[in-house]
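Labels run A, B, C and D following the written order; every chain starts at residue 1.
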Amino acid sequence: MPGVVLGPARYGKAGNRVVRVVREGRTHHLKDLEVSIALEGDLEETHTLGRNDKVLPTDTVRNTVYAFAREHGIASAEEFALLLARHFVAGQESIHRARVRIEEHLWERIEVPGAPTPDGEVADPPRHSFVRSGRETRIAQVTVDAEGCEVLAGLTGLTVLNTTASEFHGFVEDRYTTLRETTDRILATEVTALWRYADRLPGAGSGTGAGTGPDEGPAPDWDARWTAARDHLLAAFALTHSLSLQQTLYEMGGRVLTGVPGVAEIRLSLPNKHHVPFDLSPFGLENDHEVHVAGDDPHGLIEATVLREGATARIPPDLVNAL
Amino acid sequence: MPGVVLGPARYGKAGNRVVRVVREGRTHHLKDLEVSIALEGDLEETHTLGRNDKVLPTDTVRNTVYAFAREHGIASAEEFALLLARHFVAGQESIHRARVRIEEHLWERIEVPGAPTPDGEVADPPRHSFVRSGRETRIAQVTVDAEGCEVLAGLTGLTVLNTTASEFHGFVEDRYTTLRETTDRILATEVTALWRYADRLPGAGSGTGAGTGPDEGPAPDWDARWTAARDHLLAAFALTHSLSLQQTLYEMGGRVLTGVPGVAEIRLSLPNKHHVPFDLSPFGLENDHEVHVAGDDPHGLIEATVLREGATARIPPDLVNAL
Amino acid sequence: MPGVVLGPARYGKAGNRVVRVVREGRTHHLKDLEVSIALEGDLEETHTLGRNDKVLPTDTVRNTVYAFAREHGIASAEEFALLLARHFVAGQESIHRARVRIEEHLWERIEVPGAPTPDGEVADPPRHSFVRSGRETRIAQVTVDAEGCEVLAGLTGLTVLNTTASEFHGFVEDRYTTLRETTDRILATEVTALWRYADRLPGAGSGTGAGTGPDEGPAPDWDARWTAARDHLLAAFALTHSLSLQQTLYEMGGRVLTGVPGVAEIRLSLPNKHHVPFDLSPFGLENDHEVHVAGDDPHGLIEATVLREGATARIPPDLVNAL
Amino acid sequence: MPGVVLGPARYGKAGNRVVRVVREGRTHHLKDLEVSIALEGDLEETHTLGRNDKVLPTDTVRNTVYAFAREHGIASAEEFALLLARHFVAGQESIHRARVRIEEHLWERIEVPGAPTPDGEVADPPRHSFVRSGRETRIAQVTVDAEGCEVLAGLTGLTVLNTTASEFHGFVEDRYTTLRETTDRILATEVTALWRYADRLPGAGSGTGAGTGPDEGPAPDWDARWTAARDHLLAAFALTHSLSLQQTLYEMGGRVLTGVPGVAEIRLSLPNKHHVPFDLSPFGLENDHEVHVAGDDPHGLIEATVLREGATARIPPDLVNAL
């Protein structure tokens, strides 16, 4: 079409649900991932002419996810994402950048006492039974090009509430103000957080497509980092005496930055899930911070990036809204 | 309209989100309920003539929920539902039956170490911070009329998975059969369960509308029962070597019936969430129960009631699907 | 387990998405169904002993849906459901009853002008392009046993709103009343409706499993009936000057009963989606039925069955809530 | 916190559902909007010190939405968004940029014949009854700072399907390829589109906060533009003989750019909703493009921006994923 050109483009496969079981004798281990992959590169003629000779089909992308789970295992969501992203960039000349996002569903072992057997003995309890745990989803997102890679981690769906230690006053008033100041209110939010690691990891330039090489030093312990970050988010939420949700956000972000090695930047999106005391005065009843209405909409929405001094804010604000 | 008559009718208010905080010194307690109420009775002329003189508005129904949370507290979802249901039947002549269903959202305390204070001491950790826990929702449903009441309890959203100890073979084959027999597969489901208690509790006949009277003996410990039922569901799922999801269902139901005092009947709805080994043979790879595809649809759906001998199945099958 | 017995049970496959295309020259036709099947019968030993010799696997049930779409076509959702339900009961001795529920997704043809061709002609517009239409989902549910069958039809997700011609006053007041009477308000609801046809259609006793036989007279025009019922629901909602949502419900049901041949009974579930004038008085502004807040929860919920005189109410109330 | 700084931040109120009715005699008009507002500016001390003296509370933001609907009406989603955005920037020194996003729910009038009156006349049909229409949601997003403003428009949820005229072949093959080439397949997608208008509209610098001034020329006809864009998207989808979904995307974008005045750029996100012929060969049946399985996951995901030559791509890719 005359006067029309192609801008930024990407394509891939979203929603690949891969569940990997490792059997270690009677003890089984479980990883449950939803993998989404977006590829960028030389896509011009695919769009303008319908030529597919530079297109690795999304069906192949999907096959690769499952084959890699078998060939390389899943050490962690981050490690698996790195393997896949490097593979696509190293393996196809026309692909210049790959973004792999993984949502990890969390499970914990069902703990049961040993079952009595017919002959009166007690059998060992099973080690192959799991229950979905937590309401949050763990996120890992890796972007790789020839030169390097960026690793983000995070979570969605972590819902927290303080019944006190939250105030809100001293705010601007204008013609449309009706809100009253308060020194004691419920503060509740559903945390979406995404943080960026500062590690300098190799890109796909080496062409091996097979992950961190032997001379790169040990891979970071991504699982331990994620768990630490989650713990710090909860602790900061609980320990902050809040003068605004913005202040709580800053404390949460700051605590992850200072408490988890290797985090350069964190973006938080915190809906203010209002809990308002129900007006019981028509019924001659007091309501001293006791009975609240919870509702879904509308809600305040507080979003910010917190950074290590000297770091650059690289996490796109809208990316966090898209999780 | 000639030739047209009114059949069964009910009305009420759904989705009342009430969050109650009890402050016991520094230690706060939290109940988070979503209350839905349906009233039956003399509704004929409301429908046919638009007369509202026998209608307690749903807005009033909502106010009552919040006022009762203040006036009577929330000992448990079941107890609160009983209070409300008896109130509506006892309080309005035109209302003959009330059904109160409560979805309870579960929270647990955020455990944090004490925070250092500016003067070098360590403050006690806060006791007012909570995180939503579990993926399941607790259900209580109470139906009251003049003569008596029925108490159901249950849960939705409890997702469990066995990586082995599940077989499926020996089934009927016909022209459309392609499934192969297996002696080792993943078994996964998202449990919806609803059980009925056998307790004979008073209805609304006494007209007090204010709950269990003084000479009715102590109220059952609804919370302990619910926790025990959940534990038994998990244990039966984990301990059953399954020849079919139907068999697992029966074991789960049976274990609740025999393990939890006062349960007369339980209805279970278990979607069979298929996890199929991904076919890696085109890539020259084996796949020995390791890498699976998980998907949402279509799914098997297994539903049954399990009863104490002599009990009558009273839980409507469709009710469980509507949770 | 001693003292424990099996109650009502059913099993099947839910969520089978079948899209059938019929090519009539350049003009293509499209049916988009989601088929869910539940089978009842001799399931005792499957549950108690794990014996599967009377179990037609749900995988086979799924295959049958797709094979039947090819072998018998899809004349209408109701006709297709009848074919399938009769097949399962007639084909397997252990299956005594089959319920087939179909959600039909609606599409309409994209109407475009003819495209200019390179040689200056105008090509005929394509007849193979469709856009999903309507926000409602059409429902058909058929239950078949040896003796007969029951056909239900309906819809979910039909959202309607009157900006006036709705009043609500003269209601009961009690201690918890705060609602004010109104003679002019918005009335909005999202209609779920399910109606039962009175046709006496053969069950699966003949054993053919292949639908209505040659001497049964022509099949009803299920599509025309459904369209007529939807039109009557909309017309009754629009034309009723409402004194309560209950009255509107009765008018909607009555109009379907009297306007659509063969309908014996209809069940309606109408959430009262409140639209409340926003209080603009703090800003010195009037608000004469102009600016409203819409919200999702809580909502009133009005449900009733309307019947032809002499008919029996057979649609389970909870079934409609489960759609 | 030492070593920690604040990065990009914004806050506001999301999910304000405003329904405005205009009564023009018996004929009523309806606008149904969900308004979300995000404000940026001098938020440093709010985060780091908990000072709120530069914070306009989100409660006030909400009030303003409803008050403006009364004071200024809602000419179109875009016009209403411009009014609000300019107000916040012009009205508060500490607010430097405002983004107003509106999701518009679409309704159409219920057309009914006139109703017979008791005295034998036929009343005019009501003009105050509406039914939600279309499955798509209209989007408007306006960003305003002191210097200027950016207007985006778009839609989500427009689901389309071609039963033929779609091919896919000539693609890259690697070790993980199993997909077969095809010259005739179903192509289906759910369109999310967001386009940017090139109009140079004033920002909030004038300080009036009250929209386009008298000497700015007439406001663009935003509604007509949006309808034209939607029509072009549908037409391009229907008329393109597709060699890949990428090619179809490019045609859709190009047609909007060339067909709708004032569009500088468009971003499209097109999930490839796979419809695969069901393998009926085990049952001895052919399947000539007739019976397909539809499924939700995984899906291909094709995303690109199409631009007028010389324009700059400004729509953030992740923004479109967040709609």
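Odds and ends about this structure:
The definition used in the following text is that a residue touches a chain if its C-beta (ideal position, glycine included) is under 8 Å from a C-beta of that chain, and two chains touch if they have at least 3 such contacts.
Protein names from UniProt, one per chain: A, B, C, D = Uricase.
Just so it is clear, the structure is predicted and the values come from calculations on it, not from any experiment.
A comparison of the A-D and C-D interfaces places the larger number of contacting C-beta pairs at A-D.
Taking the CA centroid of chain C (Uricase) as reference, the farthest chain centroid is that of A. The mean-CA centres of chain A (Uricase) and chain D (Uricase) are about 26 angstrom from one another, to the nearest whole unit.
Each chain gets one centre point, the mean of its Cα atoms, and the points for chain A (Uricase) and chain C (Uricase) are 38 Å apart. Once the centre of each chain is set as its mean CA position, chain C (Uricase) and chain D (Uricase) turn out to be 30 Å apart.
Among the residues of chain B (Uricase), those in touch with two or more other chains are 17, 63, 67, 176, 178, 282-283, 295-297. For chain B (Uricase) in complex with chain A (Uricase), the touching residues are 17-23, 28, 30, 32, 63, 66-67, 69-71, 107, 110, 112-113, 115, 125-126, 128-135, 158-165, 186, 234-235, 237-239, 275, 278, 280, 282-283, 285-287, 289-295. Touching chain A (Uricase) in their complex are the following residues of chain C (Uricase): 175-176, 178, 282-283, 295-297. For chain C (Uricase) in complex with chain B (Uricase), the touching residues are 1, 3-17, 36, 38, 43, 46-60, 62-64, 67, 91-92, 94, 168-174, 176-179, 242-244, 246-247, 249-250, 253-254, 257-258, 265, 267, 271-272, 296-309, 313, 316-319, 321-322.
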